[in-house]
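Worksheet: the structure to be examined is printed underneath.
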Amino acid sequence: MNSGHIVTAYNDELTELARAITEMGGLVEKALNNAVEALVRADNELAMATVAADKKIDAMQHLIDEQAVSIIARRQPVATDLRLVIASIHVANDLERIGDMAKSTARRSTQFEGLTMSVQFKNGMRHMGELAQRQVKLAIDAFAAKDKDMAVEVFERDTDVDALYVSLFRELLTYMMEDPRNITMCTHLLFCGKNLERVGDHATNIAEQAYFLATGKSLVSDIEDLRREKLVP
Amino acid sequence: MADTTTSTDAAARARRETIRKGLGRRHLTEKLFRGFGIGAILIALGLVGTLFWMVISKGYPAFTQANATLEVYFDPEILSFDPAPVRGAGQSDADYRAAHLGWQRAVTMANWNRIVENAVVNAAPQGFEIGSREALALIDAGERHRLRDMFVANPNLLGQRVSVDMLASANTDNWLKGTIDRNLPDARQQLAASTRQLADMMLENGTIEFRFAWHIFTNVDSRAAPAAAGLAGAFVGSLYMMLVVIVLAVPIGVASAIYLEEFAPKNRLTDLIEVNINNLAAVPSIVFGLLGAAVFIRYFGLPLSAPIVGGLVLTLMTLPTIIIATRSSLRAVPPSLRQAALGLGASKTQMVFHHVLPITFPGILTATIIGVAQALGETAPLLLIGMNAFVAAIPATPFDQSSALPVQIYLWQGNENRNFFEARTSAAIMVLLGLMITLNAIAVILRQRLERRK
Amino acid sequence: MTTDTFSAGAPFAMSASPTAVPAEPVKETVRTIDPAANPARLRTDDVSVFYGDKQALFDVSIDIPEKSVSAFIGPSGCGKSTFLRCINRMNDTIEGCRVSGDITLDGENLYDPRLDVVELRARIGMVFQKPNPFPKSIFENVAYGPRIHGLAGNKADLEEIVESSLKKAGLFEEVKDRLHQPGTGLSGGQQQRLCIARAIAVGPEVILMDEPCSALDPIATAVIEELIDELRENYTIIIVTHSMQQAARVSQKTAFFHLGKLIEEGPTEEIFTNPREKRTQDYITGRIG
């Protein structure tokens, strides 16, 4: 479909930008995965590695910003190209935020030493982690494939993450009321849950950018129409 | 890696080597061509220089002529006729004029040759033997008429002695200038021995002097008095023809060029017209002369040898030149200028007259002057309409008989008094060339002025 | 070719009554209805242009919104200049050129044989690619149009027209001391502004500009673009340009031509961020020449 630019170098730069986003997405997915693993398995080493890996994500965001600015300055992109560049800046920002959430979660997990954590605490966390990871992955895929349907799916599924967070909140509250010794642990976990919920929000942002990239329109303003369309037929 | 760099280096070196090898030839070709160009220009300049040198060196002696200052005695014995009539009271105009004409006739009948002869003999040293014929041959034949005219203008000269500058005859002029071989035997000399001797003596004692020959410009052609022959008639004839050409050829030529270039639709007919105009420019000029003789003189009954006919013929000849040159200068106007005018809502005519013409004006002017100059130098067609006739008068109107400068050159070139008229011919050529150079200079100056004004 | 769902300028208008029957019958070239745009007085309908047997323009229909800048873009030879020249009938001067279809200004057909082309060109002025001032003084350049159309009653009127036109073209301050010096002595950008002043002096309703900045440096271009933006308040401007950035910068409406056809037209913002047609997209992003 993409017949390619007349200027090959320009084409290469755009391809490189898209590739960088995908790479960063991979890093972030991995960081998130590791953070949840470290949390659930109380793996201190993994947690420290995850915290350390965030530096690379930050550097990556920096790189993408520079690339985007350079393309804007030298190529004056329009239409899809412009959208790709602008969306890349946004997506890189969201990915960096997700990376921060992962780092924060991993760092928090190192403070669980000496605290008891019952198995049932972990189940909810693991479930939520998986859901957030899947959202992030799907959003990045939607962006890479410029797939608006996938983007809409991510957007619609964010409510699942939110709902899970609400139930996690209630669950942890119950544990705390049951036994005040759980309070420290559960508060930590609550923060982690909150982080994952924020990850979901960022995934939604990425999905919105993917939708913008694919259609040139705002998903938030289109969503009502899309929902109605789905209902009407 | 290193291998490939060396191999590419080698290839580059080889490429440079190949280019360098060819350089010598290329520079040589260029030098040769420049040499040819400079050579061609030098040859052309040399030829023009030779032409000018020949014409000027031959022609300049004609601008001075031997003049003899003689004391003329209006001898009452020779001029023995009644005194000039005086207008009596009550005499009618016509009667007086008739009486005066009668008197003039009597004056003309007098033996003026005798007066001239006496003046010459008088000026000769005491005891110099010279026959009356020989004495008379010293002075130009036209001078006796001048003495007569002086007398008619002033009858009181009778019995008086007046010092008069008189033109020496053409033969005297030849002898004194050395244009005739002084060593030729008497039988082949045009002047008698005594006349030649007297001429030499007079030149020595200052009676005969060389003076600037203004009369070349003021006199008309003459056969009887060749020394007094001038260009005035031919000059004026040429001016009239030029006038006719400018008045007719320029408006017609420019107008048709503008119409063809700006307004005429492009179709077969206009193509045909264009081809024919180009062909017309290539028609030999003598053909135009035939046409002029057939159409203007035979059919329209215009007078023979008249500048008007010459002008018409030359107009026909000049038209294609002017049309072609005007069209090419119109075509050279940038289309952006036309668009600018049309885009503002100017009509086509406004576009042409407000913007296109002012820009092309210098070009049209040059074309016109070059065309007119070309016409001015044309001889062949004029021969066919009788302009080679001998006309000893300055034409008062373009309808009078006249000669023209190039025709005058042609006529003088064929004159039997070769020795004298060779210089005259060159002098006439100089005048014609001068006129053309003036015209071209005007064209150049006008064009520069107009172009600067832009 | 369903433009309904994609007219980004008016999403709310669409959502208001999704079941409403479209008032206009659906035509092949669907016109964008941009509620933000000014009403159109200049309209074209199925305009085709032939040079001899060769068709250069195919059924172009477009409305030009009043008092705004419309840009025609497209690769060389796409017919955008040809179309522009149809609007003030400059194509009349080209031998063998034939125009079909309707171009109307206030409902008046510009190709009506009764219409005087001279009057038309006074209403629709033109500025050309290369600055082409007359080889006359600055004053005479501007005064020429009003003079031939008899717009100035006396010398004072004429001077006033010249001054105000030069002011509108942003040139007066630069040339007020040398009004009687030749216009060809100005710099390229000044010459082009002189040409704009000359066009304005006739008091046109529409100004056509055929690549007005292609011969100018970037600064002179910026000055002209600024001027175009100011002129938009009083004149309907159509600009043909090779520079897509220029079209993006100065115009409110953009039309993309390709191979003699009008491919897409719409609000400039939309064309440059989210064109509907793939050919437009490919052209403006630099994928086809």
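Order as written gives the chain letters A, B and C; numbering starts at 1 within each chain.
As a working rule, a contact is a pair of C-beta atoms (placed from the backbone, for glycine too) under 8 Å apart; a residue touches a chain by one contact, two chains touch by 3 or more.
Everything quoted here is computed from the prediction, not taken from an experiment.
*Asks:* Identify the chain pair joined by the greatest number of C-beta pairs in contact.
*Replies:* Summing C-beta contacts for every pairing gives the maximum at B-C.
*Asks:* Using only alpha carbons, which chain's centroid is the nearest to the whole structure's centroid?
*Replies:* So the chain sitting closest to the middle is C.
*Asks:* Calculate how many whole Å lie between the centre of chain A and the centre of chain C, each centre taken as the average of the chain's C-alpha atoms.
*Replies:* That gives a centre separation of 48 Å.
*Asks:* So the centre of each chain is just the mean of its C-alpha atoms; given that, what is the distance between chain A and chain B in Å?
*Replies:* Here the centre of chain B sits 103 Å away from the centre of chain A.
*Asks:* Quick one: report the Å distance separating chain B from chain C, using the average Cα coordinate of each chain.
*Replies:* Centres of chain B and chain C (C-alpha means) sit 62 Å apart.
*Asks:* Taking the complex as given, what residues does chain C use to touch chain A?
*Replies:* That would be residues 8, 11, 15, 244-245, 248, 272-275, 280-282, 284-289 of chain C.
*Asks:* Inside the complex, what are the residues of chain C that reach chain B?
*Replies:* It comes out as residues 88, 90, 93, 95, 118-122, 125-128, 130, 132-135, 144-145, 148-149, 182, 184, 195, 198-199, 202.
*Asks:* How about chain B: which of its residues touch chain C in the complex?
*Replies:* It comes out as residues 266, 334, 336-347, 350, 354-355, 358-359, 454.
*Asks:* In the complex formed with chain C, which residues of chain A make contact?
*Replies:* 2-7, 10, 76-83, 215-217, 221-222, 224-225
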